[in-house]
Amino acid sequence: MNLGKVVGTIVASQKDDKLTGTKLQIVRQLELDGSETGAFVIAIDAVGAGEGEVVLYASGSSARQTAVTKDRPADAVIMAIVDSIEVGGKLLYEK
Amino acid sequence: MNLGKVVGTIVASQKDDKLTGTKLQIVRQLELDGSETGAFVIAIDAVGAGEGEVVLYASGSSARQTAVTKDRPADAVIMAIVDSIEVGGKLLYEK
Amino acid sequence: MNLGKVVGTIVASQKDDKLTGTKLQIVRQLELDGSETGAFVIAIDAVGAGEGEVVLYASGSSARQTAVTKDRPADAVIMAIVDSIEVGGKLLYEK
Amino acid sequence: MNLGKVVGTIVASQKDDKLTGTKLQIVRQLELDGSETGAFVIAIDAVGAGEGEVVLYASGSSARQTAVTKDRPADAVIMAIVDSIEVGGKLLYEK
Amino acid sequence: MNLGKVVGTIVASQKDDKLTGTKLQIVRQLELDGSETGAFVIAIDAVGAGEGEVVLYASGSSARQTAVTKDRPADAVIMAIVDSIEVGGKLLYEK
(Lines give C-alpha, C1' and ligand atoms only; values in the text may rest on other atoms or scores of the structure.)
Protein backbone atom coordinates (compact mmCIF):
# COMPACT_ATOMS: atom_id res chain seq x y z
CA MET A 1 0.00 0.00 0.00
CA ASN A 2 1.00 3.61 -0.37
CA LEU A 3 0.64 6.55 1.94
CA GLY A 4 -1.51 9.42 0.73
CA LYS A 5 -3.54 12.47 1.65
CA VAL A 6 -7.06 13.15 0.42
CA VAL A 7 -6.91 16.53 -1.32
CA GLY A 8 -10.10 16.68 -3.34
CA THR A 9 -12.96 15.03 -5.15
CA ILE A 10 -13.95 14.17 -8.69
CA VAL A 11 -17.55 14.24 -9.86
CA ALA A 12 -18.42 12.09 -12.86
CA SER A 13 -22.08 11.56 -13.67
CA GLN A 14 -21.44 9.69 -16.93
CA LYS A 15 -19.62 6.55 -15.84
CA ASP A 16 -19.66 2.77 -16.06
CA ASP A 17 -22.79 1.37 -14.35
CA LYS A 18 -20.68 -0.54 -11.85
CA LEU A 19 -19.33 2.71 -10.42
CA THR A 20 -22.72 4.06 -9.35
CA GLY A 21 -22.71 5.23 -5.75
CA THR A 22 -18.96 5.28 -5.29
CA LYS A 23 -17.02 8.31 -4.04
CA LEU A 24 -14.02 9.27 -6.13
CA GLN A 25 -11.32 10.89 -4.03
CA ILE A 26 -8.13 12.56 -5.24
CA VAL A 27 -5.20 11.22 -3.22
CA ARG A 28 -1.75 12.78 -3.30
CA GLN A 29 1.04 10.31 -2.53
CA LEU A 30 3.04 11.20 0.60
CA GLU A 31 6.60 10.62 1.77
CA LEU A 32 7.04 9.23 5.27
CA ASP A 33 7.72 12.75 6.61
CA GLY A 34 4.33 13.85 5.33
CA SER A 35 5.60 15.89 2.38
CA GLU A 36 3.75 15.41 -0.90
CA THR A 37 5.33 13.67 -3.87
CA GLY A 38 4.26 14.88 -7.29
CA ALA A 39 2.16 11.74 -7.85
CA PHE A 40 -1.57 11.40 -7.29
CA VAL A 41 -4.25 8.82 -7.92
CA ILE A 42 -8.05 8.79 -8.07
CA ALA A 43 -9.28 6.21 -5.56
CA ILE A 44 -12.63 4.89 -4.42
CA ASP A 45 -13.20 5.56 -0.75
CA ALA A 46 -14.03 2.45 1.30
CA VAL A 47 -13.58 3.98 4.78
CA GLY A 48 -15.22 7.41 4.74
CA ALA A 49 -12.05 9.50 4.59
CA GLY A 50 -12.43 13.25 4.58
CA GLU A 51 -10.39 15.93 2.84
CA GLY A 52 -7.00 16.45 4.47
CA GLU A 53 -6.86 13.02 6.07
CA VAL A 54 -3.77 10.81 5.81
CA VAL A 55 -4.75 7.44 4.38
CA LEU A 56 -3.48 4.18 2.96
CA TYR A 57 -4.54 3.14 -0.52
CA ALA A 58 -4.15 -0.17 -2.32
CA SER A 59 -3.70 -0.49 -6.08
CA GLY A 60 -4.36 -3.05 -8.79
CA SER A 61 -6.59 -6.09 -8.32
CA SER A 62 -6.22 -5.75 -4.54
CA ALA A 63 -8.25 -2.55 -4.83
CA ARG A 64 -11.29 -4.70 -5.64
CA GLN A 65 -11.15 -6.69 -2.38
CA THR A 66 -13.37 -4.39 -0.29
CA ALA A 67 -17.17 -4.64 -0.11
CA VAL A 68 -17.37 -1.20 -1.75
CA THR A 69 -15.14 -2.01 -4.73
CA LYS A 70 -15.87 -5.70 -5.45
CA ASP A 71 -16.14 -6.42 -9.22
CA ARG A 72 -15.85 -2.74 -10.04
CA PRO A 73 -13.54 -1.21 -12.67
CA ALA A 74 -11.46 0.49 -9.98
CA ASP A 75 -7.71 0.12 -9.60
CA ALA A 76 -7.24 2.12 -6.39
CA VAL A 77 -9.06 2.11 -3.05
CA ILE A 78 -8.64 4.00 0.19
CA MET A 79 -8.74 1.13 2.70
CA ALA A 80 -7.46 2.73 5.93
CA ILE A 81 -7.23 6.08 7.71
CA VAL A 82 -3.84 6.49 9.37
CA ASP A 83 -3.73 7.13 13.14
CA SER A 84 0.04 7.24 13.48
CA ILE A 85 3.32 6.61 11.67
CA GLU A 86 6.35 5.48 13.66
CA VAL A 87 9.81 5.13 12.12
CA GLY A 88 12.85 4.05 14.12
CA GLY A 89 10.96 4.47 17.40
CA LYS A 90 10.11 8.09 16.53
CA LEU A 91 6.55 9.23 16.02
CA LEU A 92 6.48 10.94 12.59
CA TYR A 93 2.75 11.52 12.45
CA GLU A 94 -0.23 11.38 14.77
CA LYS A 95 -3.79 12.16 13.79
CA MET B 1 -7.56 5.53 -11.54
CA ASN B 2 -5.75 8.21 -13.48
CA LEU B 3 -6.91 11.44 -14.99
CA GLY B 4 -6.60 11.79 -18.76
CA LYS B 5 -7.78 13.54 -21.88
CA VAL B 6 -8.87 11.78 -25.04
CA VAL B 7 -6.61 13.11 -27.81
CA GLY B 8 -7.06 10.67 -30.65
CA THR B 9 -7.93 7.25 -31.99
CA ILE B 10 -6.14 4.14 -33.16
CA VAL B 11 -7.49 1.97 -35.95
CA ALA B 12 -6.36 -1.65 -35.99
CA SER B 13 -8.17 -4.05 -38.32
CA GLN B 14 -5.84 -6.99 -37.62
CA LYS B 15 -6.34 -7.73 -33.95
CA ASP B 16 -7.18 -10.46 -31.47
CA ASP B 17 -10.74 -11.71 -32.02
CA LYS B 18 -11.78 -10.65 -28.55
CA LEU B 19 -11.15 -7.00 -29.43
CA THR B 20 -13.70 -6.89 -32.25
CA GLY B 21 -16.06 -3.94 -31.89
CA THR B 22 -14.05 -2.04 -29.32
CA LYS B 23 -13.01 1.59 -29.72
CA LEU B 24 -9.33 2.28 -29.06
CA GLN B 25 -8.80 5.79 -27.71
CA ILE B 26 -5.50 7.56 -27.14
CA VAL B 27 -5.53 9.08 -23.66
CA ARG B 28 -2.92 11.57 -22.47
CA GLN B 29 -2.39 11.53 -18.71
CA LEU B 30 -3.23 14.84 -17.01
CA GLU B 31 -2.04 16.66 -13.92
CA LEU B 32 -4.71 17.97 -11.57
CA ASP B 33 -4.39 21.46 -13.09
CA GLY B 34 -5.24 20.01 -16.48
CA SER B 35 -1.75 20.18 -17.96
CA GLU B 36 -0.59 17.13 -19.89
CA THR B 37 2.14 14.85 -18.58
CA GLY B 38 4.31 13.18 -21.19
CA ALA B 39 2.61 9.82 -20.61
CA PHE B 40 -0.22 8.34 -22.65
CA VAL B 41 -2.06 5.05 -22.86
CA ILE B 42 -4.32 3.34 -25.39
CA ALA B 43 -7.61 2.54 -23.65
CA ILE B 44 -10.87 0.89 -24.61
CA ASP B 45 -13.77 3.30 -24.28
CA ALA B 46 -16.60 2.04 -22.05
CA VAL B 47 -18.50 5.32 -21.73
CA GLY B 48 -18.62 6.97 -25.16
CA ALA B 49 -15.99 9.64 -24.53
CA GLY B 50 -15.26 12.04 -27.35
CA GLU B 51 -12.02 13.70 -28.38
CA GLY B 52 -10.98 16.47 -25.99
CA GLU B 53 -12.97 15.13 -23.05
CA VAL B 54 -11.42 14.77 -19.60
CA VAL B 55 -11.85 11.21 -18.38
CA LEU B 56 -10.84 8.68 -15.77
CA TYR B 57 -9.19 5.45 -16.85
CA ALA B 58 -8.48 2.28 -14.90
CA SER B 59 -5.50 0.02 -15.55
CA GLY B 60 -4.56 -3.62 -15.09
CA SER B 61 -7.07 -6.36 -14.34
CA SER B 62 -9.55 -3.71 -13.15
CA ALA B 63 -9.77 -2.57 -16.75
CA ARG B 64 -11.61 -5.80 -17.54
CA GLN B 65 -14.45 -5.18 -15.08
CA THR B 66 -16.78 -3.31 -17.44
CA ALA B 67 -19.35 -4.99 -19.73
CA VAL B 68 -17.37 -3.69 -22.72
CA THR B 69 -13.98 -5.08 -21.63
CA LYS B 70 -14.86 -8.33 -19.82
CA ASP B 71 -12.45 -11.18 -20.70
CA ARG B 72 -10.67 -9.02 -23.28
CA PRO B 73 -6.90 -8.57 -23.64
CA ALA B 74 -7.17 -4.93 -22.57
CA ASP B 75 -5.21 -3.35 -19.73
CA ALA B 76 -6.77 0.12 -19.79
CA VAL B 77 -10.37 1.32 -19.92
CA ILE B 78 -12.04 4.73 -19.91
CA MET B 79 -14.69 4.20 -17.23
CA ALA B 80 -15.87 7.76 -16.46
CA ILE B 81 -16.18 11.20 -18.04
CA VAL B 82 -15.21 13.91 -15.56
CA ASP B 83 -17.77 16.62 -14.74
CA SER B 84 -15.66 18.51 -12.23
CA ILE B 85 -12.45 18.40 -10.22
CA GLU B 86 -12.32 20.08 -6.83
CA VAL B 87 -9.13 20.40 -4.80
CA GLY B 88 -9.01 22.14 -1.44
CA GLY B 89 -12.49 23.60 -1.93
CA LYS B 90 -11.43 25.18 -5.23
CA LEU B 91 -12.98 24.12 -8.52
CA LEU B 92 -10.04 23.24 -10.79
CA TYR B 93 -12.09 21.96 -13.70
CA GLU B 94 -15.69 21.99 -14.82
CA LYS B 95 -16.97 20.44 -18.02
CA MET C 1 -2.30 -0.74 -23.94
CA ASN C 2 0.95 0.71 -25.18
CA LEU C 3 2.18 1.53 -28.62
CA GLY C 4 5.25 -0.34 -29.84
CA LYS C 5 7.31 -1.49 -32.79
CA VAL C 6 8.50 -5.05 -33.30
CA VAL C 7 12.30 -4.82 -33.61
CA GLY C 8 13.50 -8.37 -33.12
CA THR C 9 13.07 -11.86 -31.78
CA ILE C 10 14.24 -13.93 -28.85
CA VAL C 11 14.90 -17.65 -29.13
CA ALA C 12 14.70 -19.67 -25.91
CA SER C 13 14.66 -23.45 -26.20
CA GLN C 14 14.84 -24.05 -22.44
CA LYS C 15 11.62 -22.60 -21.11
CA ASP C 16 8.57 -23.34 -19.02
CA ASP C 17 6.44 -26.04 -20.69
CA LYS C 18 3.50 -23.69 -21.01
CA LEU C 19 5.48 -21.45 -23.37
CA THR C 20 6.02 -24.13 -26.01
CA GLY C 21 5.05 -22.91 -29.47
CA THR C 22 4.87 -19.22 -28.62
CA LYS C 23 6.75 -16.53 -30.55
CA LEU C 24 8.73 -14.11 -28.39
CA GLN C 25 8.98 -10.69 -30.01
CA ILE C 26 11.06 -7.74 -28.86
CA VAL C 27 8.85 -4.64 -28.83
CA ARG C 28 10.24 -1.12 -28.43
CA GLN C 29 7.78 1.30 -26.89
CA LEU C 30 6.86 4.22 -29.17
CA GLU C 31 5.78 7.80 -28.64
CA LEU C 32 2.71 8.95 -30.56
CA ASP C 33 4.94 10.58 -33.19
CA GLY C 34 6.55 7.20 -33.88
CA SER C 35 9.85 7.92 -32.14
CA GLU C 36 11.21 5.17 -29.89
CA THR C 37 11.33 5.55 -26.13
CA GLY C 38 14.18 3.80 -24.36
CA ALA C 39 11.84 1.13 -22.99
CA PHE C 40 11.23 -2.31 -24.49
CA VAL C 41 9.36 -5.45 -23.54
CA ILE C 42 9.41 -9.09 -24.66
CA ALA C 43 5.86 -9.99 -25.73
CA ILE C 44 4.13 -13.08 -27.05
CA ASP C 45 2.71 -12.48 -30.51
CA ALA C 46 -1.02 -13.22 -30.81
CA VAL C 47 -1.60 -11.58 -34.20
CA GLY C 48 1.29 -12.55 -36.49
CA ALA C 49 3.15 -9.24 -36.37
CA GLY C 50 6.33 -8.95 -38.43
CA GLU C 51 9.52 -7.04 -37.74
CA GLY C 52 9.12 -3.29 -38.18
CA GLU C 53 5.36 -3.31 -37.67
CA VAL C 54 3.66 -0.84 -35.33
CA VAL C 55 1.58 -2.75 -32.78
CA LEU C 56 -0.39 -2.49 -29.57
CA TYR C 57 0.61 -4.64 -26.62
CA ALA C 58 -1.21 -5.35 -23.37
CA SER C 59 0.54 -6.02 -20.07
CA GLY C 60 -0.17 -7.84 -16.81
CA SER C 61 -3.00 -10.32 -16.37
CA SER C 62 -4.73 -8.86 -19.43
CA ALA C 63 -1.89 -10.31 -21.50
CA ARG C 64 -3.29 -13.78 -20.75
CA GLN C 65 -6.72 -13.08 -22.29
CA THR C 66 -5.93 -14.21 -25.85
CA ALA C 67 -6.26 -17.80 -27.09
CA VAL C 68 -2.47 -17.85 -27.62
CA THR C 69 -1.54 -16.70 -24.11
CA LYS C 70 -4.28 -18.22 -21.90
CA ASP C 71 -2.87 -19.66 -18.63
CA ARG C 72 0.71 -18.99 -19.75
CA PRO C 73 3.41 -17.27 -17.68
CA ALA C 74 3.42 -14.27 -20.01
CA ASP C 75 2.94 -10.68 -18.89
CA ALA C 76 2.91 -9.01 -22.32
CA VAL C 77 1.09 -9.80 -25.55
CA ILE C 78 0.91 -8.16 -28.97
CA MET C 79 -2.86 -8.05 -29.51
CA ALA C 80 -3.23 -5.68 -32.50
CA ILE C 81 -1.38 -4.40 -35.54
CA VAL C 82 -1.89 -0.66 -35.96
CA ASP C 83 -3.38 0.60 -39.25
CA SER C 84 -3.46 4.27 -38.36
CA ILE C 85 -2.98 6.76 -35.54
CA GLU C 86 -4.98 9.97 -35.54
CA VAL C 87 -4.42 12.76 -33.02
CA GLY C 88 -6.38 16.01 -33.06
CA GLY C 89 -7.80 15.22 -36.51
CA LYS C 90 -4.29 14.79 -37.94
CA LEU C 91 -3.09 11.45 -39.26
CA LEU C 92 0.19 10.75 -37.44
CA TYR C 93 0.75 7.27 -38.85
CA GLU C 94 -0.66 5.09 -41.58
CA LYS C 95 0.54 1.58 -42.36
CA MET D 1 9.95 -9.71 -5.28
CA ASN D 2 11.87 -6.75 -3.97
CA LEU D 3 14.42 -6.40 -1.24
CA GLY D 4 13.52 -4.17 1.70
CA LYS D 5 14.15 -3.24 5.28
CA VAL D 6 11.44 -2.85 7.91
CA VAL D 7 11.82 0.68 9.27
CA GLY D 8 8.57 1.34 11.09
CA THR D 9 4.91 0.70 11.65
CA ILE D 10 1.60 2.29 10.77
CA VAL D 11 -1.39 2.21 13.10
CA ALA D 12 -4.83 2.56 11.52
CA SER D 13 -7.86 1.83 13.66
CA GLN D 14 -10.37 2.94 11.04
CA LYS D 15 -9.89 0.50 8.19
CA ASP D 16 -11.66 -1.93 5.89
CA ASP D 17 -13.05 -4.88 7.91
CA LYS D 18 -10.91 -7.34 6.01
CA LEU D 19 -7.75 -5.75 7.39
CA THR D 20 -8.59 -6.42 11.05
CA GLY D 21 -5.71 -8.08 12.86
CA THR D 22 -3.05 -7.41 10.24
CA LYS D 23 0.26 -5.70 11.01
CA LEU D 24 1.15 -2.81 8.71
CA GLN D 25 4.91 -2.45 8.33
CA ILE D 26 6.80 0.34 6.58
CA VAL D 27 9.37 -1.21 4.25
CA ARG D 28 12.11 0.80 2.61
CA GLN D 29 13.32 -0.68 -0.67
CA LEU D 30 17.00 -1.69 -0.66
CA GLU D 31 19.73 -1.94 -3.26
CA LEU D 32 21.72 -5.18 -3.33
CA ASP D 33 24.52 -3.53 -1.32
CA GLY D 34 22.04 -2.78 1.44
CA SER D 35 21.75 0.96 0.81
CA GLU D 36 18.24 2.40 0.85
CA THR D 37 16.53 3.64 -2.29
CA GLY D 38 14.13 6.51 -1.85
CA ALA D 39 11.11 4.22 -2.35
CA PHE D 40 9.02 2.64 0.39
CA VAL D 41 5.84 0.62 0.63
CA ILE D 42 3.38 -0.28 3.38
CA ALA D 43 3.17 -4.08 3.54
CA ILE D 44 1.27 -6.62 5.61
CA ASP D 45 3.63 -8.82 7.57
CA ALA D 46 3.15 -12.56 6.99
CA VAL D 47 6.35 -13.78 8.64
CA GLY D 48 6.79 -11.85 11.89
CA ALA D 49 9.53 -9.49 10.73
CA GLY D 50 10.89 -7.01 13.27
CA GLU D 51 12.15 -3.47 12.79
CA GLY D 52 15.55 -3.36 11.11
CA GLU D 53 15.22 -6.76 9.46
CA VAL D 54 16.03 -7.29 5.79
CA VAL D 55 13.04 -8.85 4.06
CA LEU D 56 11.52 -9.78 0.72
CA TYR D 57 8.14 -8.39 -0.20
CA ALA D 58 5.78 -9.31 -3.03
CA SER D 59 3.43 -6.85 -4.74
CA GLY D 60 0.15 -6.91 -6.61
CA SER D 61 -2.21 -9.88 -6.63
CA SER D 62 0.66 -12.14 -5.51
CA ALA D 63 0.57 -10.29 -2.19
CA ARG D 64 -2.77 -12.00 -1.49
CA GLN D 65 -1.37 -15.55 -1.74
CA THR D 66 -0.40 -15.97 1.92
CA ALA D 67 -2.73 -17.25 4.65
CA VAL D 68 -2.48 -13.84 6.32
CA THR D 69 -3.40 -11.77 3.25
CA LYS D 70 -5.89 -14.01 1.38
CA ASP D 71 -8.86 -11.99 -0.03
CA ARG D 72 -7.67 -8.81 1.68
CA PRO D 73 -7.31 -5.38 0.05
CA ALA D 74 -3.54 -5.52 0.38
CA ASP D 75 -1.11 -5.06 -2.50
CA ALA D 76 2.15 -5.77 -0.65
CA VAL D 77 3.21 -8.53 1.72
CA ILE D 78 6.42 -9.35 3.56
CA MET D 79 6.78 -13.05 2.70
CA ALA D 80 10.39 -13.83 3.74
CA ILE D 81 13.13 -12.69 6.12
CA VAL D 82 16.50 -12.68 4.36
CA ASP D 83 19.33 -14.80 5.86
CA SER D 84 21.93 -13.97 3.24
CA ILE D 85 22.51 -12.31 -0.11
CA GLU D 86 25.22 -13.65 -2.41
CA VAL D 87 26.20 -11.94 -5.65
CA GLY D 88 28.96 -13.26 -7.93
CA GLY D 89 30.14 -15.70 -5.26
CA LYS D 90 30.56 -12.86 -2.74
CA LEU D 91 28.49 -12.66 0.42
CA LEU D 92 26.92 -9.17 0.41
CA TYR D 93 24.75 -9.63 3.48
CA GLU D 94 24.37 -12.09 6.31
CA LYS D 95 21.84 -11.80 9.09
CA MET E 1 8.53 -10.15 -20.08
CA ASN E 2 11.84 -8.53 -19.32
CA LEU E 3 15.37 -9.49 -20.14
CA GLY E 4 17.70 -10.20 -17.22
CA LYS E 5 20.86 -11.87 -16.00
CA VAL E 6 21.06 -14.10 -12.95
CA VAL E 7 23.69 -12.52 -10.71
CA GLY E 8 23.16 -14.15 -7.32
CA THR E 9 21.00 -15.92 -4.81
CA ILE E 10 19.01 -15.08 -1.70
CA VAL E 11 18.68 -17.51 1.19
CA ALA E 12 15.64 -17.07 3.44
CA SER E 13 14.86 -19.84 5.91
CA GLN E 14 12.03 -17.94 7.63
CA LYS E 15 9.43 -17.52 4.94
CA ASP E 16 5.79 -18.09 4.07
CA ASP E 17 5.00 -21.82 3.97
CA LYS E 18 4.03 -21.66 0.33
CA LEU E 19 7.58 -20.68 -0.63
CA THR E 20 9.18 -23.85 0.73
CA GLY E 21 11.45 -25.49 -1.82
CA THR E 22 11.67 -22.54 -4.20
CA LYS E 23 14.95 -21.06 -5.40
CA LEU E 24 15.21 -17.28 -5.06
CA GLN E 25 17.45 -15.80 -7.76
CA ILE E 26 18.65 -12.21 -8.03
CA VAL E 27 18.06 -11.00 -11.59
CA ARG E 28 19.53 -7.79 -12.95
CA GLN E 29 17.49 -6.25 -15.74
CA LEU E 30 19.36 -6.00 -19.05
CA GLU E 31 19.22 -3.69 -22.04
CA LEU E 32 19.04 -5.34 -25.47
CA ASP E 33 22.80 -4.86 -25.93
CA GLY E 34 23.41 -6.88 -22.78
CA SER E 35 24.38 -3.97 -20.54
CA GLU E 36 22.86 -3.93 -17.08
CA THR E 37 20.24 -1.38 -16.05
CA GLY E 38 20.25 -0.33 -12.43
CA ALA E 39 17.08 -2.33 -11.72
CA PHE E 40 16.92 -5.83 -10.26
CA VAL E 41 14.26 -8.20 -9.03
CA ILE E 42 14.16 -11.34 -6.88
CA ALA E 43 12.53 -14.10 -8.94
CA ILE E 44 11.63 -17.74 -8.39
CA ASP E 45 13.47 -19.96 -10.84
CA ALA E 46 11.18 -22.23 -12.88
CA VAL E 47 13.75 -23.37 -15.44
CA GLY E 48 17.00 -24.17 -13.59
CA ALA E 49 18.92 -21.06 -14.60
CA GLY E 50 22.49 -20.74 -13.33
CA GLU E 51 24.45 -17.66 -12.31
CA GLY E 52 25.49 -15.55 -15.26
CA GLU E 53 22.78 -16.85 -17.57
CA VAL E 54 20.63 -14.48 -19.63
CA VAL E 55 16.97 -15.15 -18.92
CA LEU E 56 13.43 -13.90 -19.38
CA TYR E 57 11.31 -13.18 -16.34
CA ALA E 58 7.59 -12.50 -16.03
CA SER E 59 6.06 -10.26 -13.37
CA GLY E 60 2.75 -9.87 -11.58
CA SER E 61 0.02 -12.50 -11.62
CA SER E 62 1.58 -14.06 -14.71
CA ALA E 63 4.50 -15.09 -12.51
CA ARG E 64 2.18 -17.60 -10.84
CA GLN E 65 1.37 -19.50 -14.04
CA THR E 66 4.21 -22.04 -13.86
CA ALA E 67 4.00 -25.38 -12.03
CA VAL E 68 6.72 -24.14 -9.66
CA THR E 69 4.99 -20.85 -8.73
CA LYS E 70 1.27 -21.75 -8.82
CA ASP E 71 -0.64 -20.19 -5.85
CA ARG E 72 2.57 -18.87 -4.31
CA PRO E 73 3.15 -15.32 -3.04
CA ALA E 74 5.66 -14.64 -5.83
CA ASP E 75 5.47 -11.73 -8.24
CA ALA E 76 8.42 -12.64 -10.49
CA VAL E 77 9.47 -15.89 -12.18
CA ILE E 78 12.33 -16.87 -14.47
CA MET E 79 10.42 -18.71 -17.20
CA ALA E 80 13.00 -19.02 -20.01
CA ILE E 81 16.74 -19.16 -20.61
CA VAL E 82 17.68 -17.08 -23.64
CA ASP E 83 19.53 -18.80 -26.51
CA SER E 84 19.78 -15.79 -28.79
CA ILE E 85 18.64 -12.20 -29.28
CA GLU E 86 18.23 -10.85 -32.80
CA VAL E 87 17.43 -7.22 -33.54
CA GLY E 88 17.09 -5.86 -37.07
CA GLY E 89 18.55 -9.04 -38.57
CA LYS E 90 21.67 -8.71 -36.40
CA LEU E 91 22.55 -11.27 -33.75
CA LEU E 92 23.04 -9.26 -30.53
CA TYR E 93 23.52 -12.25 -28.21
CA GLU E 94 24.13 -15.97 -28.51
CA LYS E 95 24.51 -18.30 -25.57
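Going in written order, the chains are labelled A, B, C, D and E, and every chain counts its residues from 1.
In this section, a residue touches a chain if its C-beta (ideal position, glycine included) is under 8 Å from a C-beta of that chain, and two chains touch if they have at least 3 such contacts.
As the structure is a computational prediction, the values presented were derived from the model and not from experiment.
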item	value
Required steps from chain C to chain D (each step between touching chains, minimum)	2
Rounded Å distance, chain D centre to chain E centre (Cα mean)	20
Centroid spacing, where centroids are CA-atom means, of chain B and chain D in whole angstrom	33
Overlap residues in chain E, where contacts from two or more other chains coincide	60-61, 63-64
Overall pattern in which the protein chains touch one another (line/ring/star/complete/other)	ring
Complete ring sequence of chains beginning with chain C, oriented so that chain E follows	C, E, D, A, B
Chain C-facing residues of chain B, complex	7-19, 24, 26, 40-43, 51, 60-61, 63-64, 71-76
Of chain A, residues touching chain D in the complex	1-3, 32, 46-48, 56, 58-67, 69, 77, 79-89, 92
